[in-house]
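There are structures below to look over.
What follows is chain A paired twice: with chain B in the first complex and chain C in the second.
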Partner chain A sequence: MKVRRLNKVLLYDEGTSQALNIEEIAEYLRKKLAKVQVEVRGDPFAFYPSQDKVLDYAKKFASIKIQDSTKRMLSGQEPLYGEIEYEKRRILGKTRAFGILYDGLELQRILWQLILREESSLEFVHIFFNNRLFATWNEYDRRYHARVSLYGIPSIISTTGVVEAPAKPREYYILKQQYEMLGKDILELKDAFQGRFIDYEDERLTEVVKGYAMQAVFYALIGDPFCEDEGCRLYNAHWQEELIFAQLVSEYEFCPRHTGLIEDENGH
Partner chain B sequence: MAERFSPVGEKEVTRAIVTEFTAQFLEYVESDCIIVGGGPAGLMAGRSLARAGKKVLIVERNNYLGGGFWIGGYLLNKVTVRHPGERVLDELDIPYKEVTRGLFVADGPHACSKLIASACDSGVKFANMTVFDDLVLKEDARVAGVVVNWTPISALPREITCVDPVALESSLVIDATGHDAQVVRKLEERGLITTKGFGAMWVERSEDLIIEHTGEVHPGLIVIGMAVSTTYGLPRMGPTFGAMLISGEVGAEIALEKLHESAKVK
Partner chain C sequence: MGIEEIEVKEDKTVQELMDELKITSPILIEVNGEVFYPDENYGKILKRGDIVTLIPIVGGG
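And now, the complex of A and B:
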């Protein structure tokens, strides 16, 4: 197996949940990857001299919204004025309101444009953290599926995706449907299921996202971010229960194979 | 001795109704802002604009005002708002209680009647039983008023109703017609805009997004409340009213800015 040499991991805050501590994630990565520099870049729009391009990027983000999860997004959608204004406010850091569903691959293409050309080689790991919910199209069942993360150049990890993408317990959805029909508020329902899934502004969010950041690192190292071991932080969880187990409950962080790879990377 | 009613004849009653209605109608043939839809968002926007001294007419297709604000979900007459919507309840002096963290409940009839009364007290005028028919468009397709007709006309077969509508002019129009987004849809029919249709219900996120997207959607036309959701394809909202009330306020702030800008130009 070919293991790629890494030079630097760069972390960006493209508007995340307030509960996410990116500095803490950086510190974690530094401990795991002793020979790799880890740099927190913060707001990608503030770091790069692209303020004049705010309108440009706002139009791009506004044109990749998914309106119907059963229909593949058409490229070149014409955004409305109000949609562009919302994206402008997001870019300028005036709002972190979220709830729009974006096409993940298109989002990755837009964020790729924010990467400095001299840092676009494979030895740089760019990770964008945000609270945009994104999904990828699946040709087999012809619908979009929400994702926590998308790996590549750059990798994107969504704090909203952590909450919304892996399924909550089955009984939650059955009760949620009943609550909606009765016009009851689902906040009450959430209280009943407290702890059984990661919620918005959850204090466990940073710890969970550390595992996803490592998935991005492993994608860069060996081309595969995932592990089949349910107790390994690289496990591709489809249920909240699996996510909580892999990231918070499991007795070990990484399986023996991935632990070995981390040790090799650190020269042990 | 029992109170006795004044000896007033039928013709005086009729004269009083027609004279007063006509005087108001004539005055409001031109106004600063016409709001289409007298639900919670429209009433809040009208109230805020009128309190700022603007001449506001709300066009409402029903006899009654308040839209869906009389009842909450499942036809039950308790209405809910999430924080920070309780600020509006305080302002309108509507009693409420907190049921869970950040969720407040009030009596629908009490809340709705207080909001209507407050809009009236602020100076908003109403054309109820009046249906929005079309837009008045001027230079560069700027919205400059609405075309209206009596609501019963729209219920009659087209073949036997040759009743032309009339036009009312205004500096701004606000679409507060709820999920129908009737005014925006009319622009869409003319190929001036493409609405997105509302998305799936995602109660938690929809309210923030409605406020974020409240604003001018086309020159001269501001969209507020649930019409925002339809226009932009935002997630559907559950039976909570905070975003509708606050969207009305935000829409009024934007309208005031636009009115001040156009006053400067003139």
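And now, the complex of A and C:
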């Protein structure tokens, strides 16, 4: 296993949940990676104040929406005027992404264009935090699957993905169906399951996302963001209860192997 | 598949390398410090001795 040298971790805020404190995540990463510079870049579109650029990116985002999760998105979809206008407002911070599913790989391609070419390498860990819900296509069951994160250049971590991608407890979905049939208030159900899944604007969101940021770091460091240990923050949780355990409940942050790699990186 | 480095044994295009390695999953590649999407650079020539880093894109959650 090759361990790469990291130069810098760069954090971008591409429109996130208000509950996400990126400065706190940066501080956490600085403590974990004492020898690596961590920089908060903020809004990646702040570099592109011109209306032409905003319109250009709005068109790109609007063209990667998934209309049907059982049909693979065709590249070069022609977006509607209203969809472009919505994305323009989204880029300018005048609205928030809601109810839209994006193709994750295409989203990554767009965000990749926002990275400075001289910083486009594995030495630089670019992490875009956003609240866009994205999914990746699975050839085996021929449908899209929502994701929390996508690791590559750049890595993307979605706060909406944290809420929507890992499955909630099975009994939640059974009861949800019953509540919907009976016309009952879903908020009551959420109260009944309080603490068993991460919700929108959840106060635990920043703590949870720290673990995903470390997955992005390990992806660049050793080429593998994940760990098999369910108590390690690098565990690839597919259930909310697994996520909560790995990120919040487990008695240790990282398994012995990954703790050792962090110590090596810090020169201990 | 994790991030891995391979040495190019003879001059070939990016398309030829992708075919040879049977790579169909989403990936970025790095050659001589330049990172790019293979499907946008299929005709690009890789020289014998170039070190190519294969950077698979991995989804989480």
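In this text, the second predicted complex is superposed on the first by the 261 of 268 C-alpha atoms of A that agree within 3 Å, B and C clash if a C-alpha of one lies under 4 Å from a C-alpha of the other, contacts with A are read in each partner's own complex, and residues count from 1 in each chain.
As a working rule, a contact is a pair of C-beta atoms (placed from the backbone, for glycine too) under 8 Å apart; a residue touches a chain by one contact, two chains touch by 3 or more.
Because the structure is predicted, anything quoted here is derived from the model rather than measured.
Touch criterion met: A:161 reaches chain C, while chain B stays clear of it. Shared-chain residue A:215: touches chain C; no touch with chain B.
By the touch criterion defined above, A:180 lies against chain B but remains apart from chain C after alignment on the C-alpha atoms of chain A.
Residue contacts after overlaying the shared chain place A:245 against neither chain B nor chain C.
In the superposition on chain A, contact of A:193 is made with neither chain B nor chain C.
Judged by the touch definition given at the top, the superposed model places A:99 against chain B, while chain C stays out of reach. Looking at the complex, you find that chain C touches chain A at residues 2-5, 26, 28, 30, 33-35, 37, 53, 55-61.
The touching residues of chain A, when paired with chain C in their complex, are 2, 104-105, 108-109, 120-122, 136, 145-153, 161-162, 165-166, 212, 215, 219, 222-226, 236-238, 243. Residue ranges of chain B in contact with chain A, taken from their complex: 72-74, 76, 80, 99-103, 193-194, 196-197, 199-206, 208-209, 211-213, 215-218, 223, 228, 231-235, 238-240.
Taken in their complex, chain A has these residues touching chain B: 65, 67-69, 78, 80-83, 85-86, 89, 95, 97-101, 180-188, 191, 200.
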